[in-house]
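Chain nomenclature is as follows: A, B, C and D, assigned in order of appearance, with residue numbering initiated at 1 for each chain independently.
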């Protein structure tokens, strides 16, 4: 399909730009690591409490990094008037949205192999390779759930004076179900799952992924009509 | 006009998908497993795995099980779901509505000696509001319904 | 004085009904057999809950209408409904905490009902903040409508979560579970709150329309300038 | 025998909570009505002056 081809092209373009401007990506990674470090200061040298909170800290680091990545992504588009160009070109607005949301998701997923081991070391979690793979899978679901409404709101707020305030203000309450689902699921993976709830939390997380990915795509077309 | 119709179809599909997923969350039964509190049966079934973890236990205060320790600080009672019960040691002042047969949610840990230790005791009121003087019937089945345990049974 | 507008009449009726309903609830209705006097909070808490969700549902409808037609009228009504929903939602949260302390024994607990309600209030507050930052009227209308539609996903969750999940909050009451003497004040206050909410929405929409008129020349003025009645204002070009 | 009285399952008194709840409701509704009135006045006056 034409739209799928456009999405693929846009994702390739975004990832290429991300690769060329590595320092930007690197700063988000560093930001994530610093966030993880800060949480361990907040709890203090209590290894049991750190272990108990590890899943929450990890997901919060993802959330905070995601707002940084989202606003950076659109700032770049505005600097060179690239978005106007894309809108003038025969690109479907939906392809534009899904391309952007997908490349945001992929970028956030790429953070996982770096941040997860850091969290495992900092918070003294016992985790083998199989556990890590599971955590990264859940991280991917969480990243998708954050990116879908995140891209929509970042597109709306990217031109505003106070994007740094507005984006979290709109995004954080909306993604609470995603955060809750991923924190619980990751905590169950890291700390054992006595009651067999892991699948239910994962389904909840996936369900909100589907809701946000479908709804935001449709609404984005209306957003860009007004010019981004 | 066809452009408009195409967008209408896309919007409709998106709304249907979102609504369908919400309906699945509601009716698919995953809610039973994303529990805010465990029933005594579920807690007992998990055995040793539950020991030490921070857990919420919910159920009815078993009639005749309330005891107060002589030190006046610890309250002991059993929480039941009609089938099994868990003994609870609460180091807290209970809310005024605390009584036999009322729903409670306690937050704490299961100890290896079989007592559930808690410092946070919450009373769960059902959705019945009656004037005083109405006969008190300790019908466990009815009370269980108010605790939503009957759903997990079916 | 100006003649009474329809919304003023509804507001007055609502206020009167709220006074009557609260009087019955506070002094005529019996105390609950276990909750005692504290149960009287139901007569304000439950209507606030119903109407806040109802008003936000209306906002969702107005958002769709605003996006569909592009008319400023719908945008203004949507703003009115959203703001009223936020005010009532915030009030609902505080009332709930006041009721929770004596009955449950805690001020707050992270149960589904309470969490989803808090999300609802915070998100729609965010929508209002978003509006205040966007200068162009068309863009503001579309963007806030989009935000309202996305955020509305949470509102059915608030209502149904107590049935779907086990929670600390009890499930909805029905006429069968509430003593008949308690239903009368509850119903009166529910309609009172509905009328007050309609009044709030109407007033706030009027305000928003006036603001929109100030922003753009495209909209016709509310009424012709009153010439003599207005205190001398310097006439500028 | 007991230091603390055992709760009897009924909330005694509790009027403080009721008064607080109704007062908050009244204050919030009245405050919002008043704020709306003031904002509306200002905007419409400004409009008339134009």
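By definition in this document, contacts are C-beta pairs under 8 Å (C-beta built on N, C-alpha and C of every residue); 3 or more make two chains touch, one makes a residue touch a chain.
Computed from a predicted structure; not experimentally measured.
For the interfaces C-D and B-D, the C-beta contact count is higher for C-D.
The distance from the centre of chain C to the centre of chain D, with each centre set as the mean of the Cα atoms, comes to 14 Å. The mean-CA centres of chain A and chain C are about 33 angstrom from one another, to the nearest whole unit. The mean-CA centres of chain A and chain D are about 40 angstrom from one another, to the nearest whole unit. With touch defined as above, residues shared between interfaces to two or more other chains in chain C number as follows: 33-35, 102-103, 153, 157.
Residues of chain B found to touch two or more other chains are 18, 22, 25, 34-35, 94-99, 102. Touching two or more other chains at once are residues 211, 215 of chain A.
Here, these are the chain pairs in contact: A-B, A-C, B-C, B-D, C-D.
Contact residues on chain C toward chain D in their complex (touch as defined above): 11, 18, 22, 26, 33-38, 40-41, 44-45, 48, 87, 90-91, 94-95, 98-99, 101-103, 196, 200, 203-204, 206-207, 210-211, 213-214, 221-222, 225-226, 230, 233.
Against chain C, the residues of chain B that register as touching in their complex are 18, 22, 25-26, 31-32, 34-37, 58, 94-99, 102, 105, 120-134, 136, 146-148.
Those residues of chain C lying in contact with chain A across their complex are 67, 115, 118-119, 122-123, 125-127, 129-130, 133-134, 136, 138-139, 142-143, 145-147, 149-151, 153-154, 157. Within the complex formed with chain C, the residues of chain D that make contact are 9-15, 17-18, 20-22, 24-25, 28-29, 32-33, 36-37, 39-40, 43-44, 46-50. Residue ranges of chain D in contact with chain B, taken from their complex: 1-4, 6-12.
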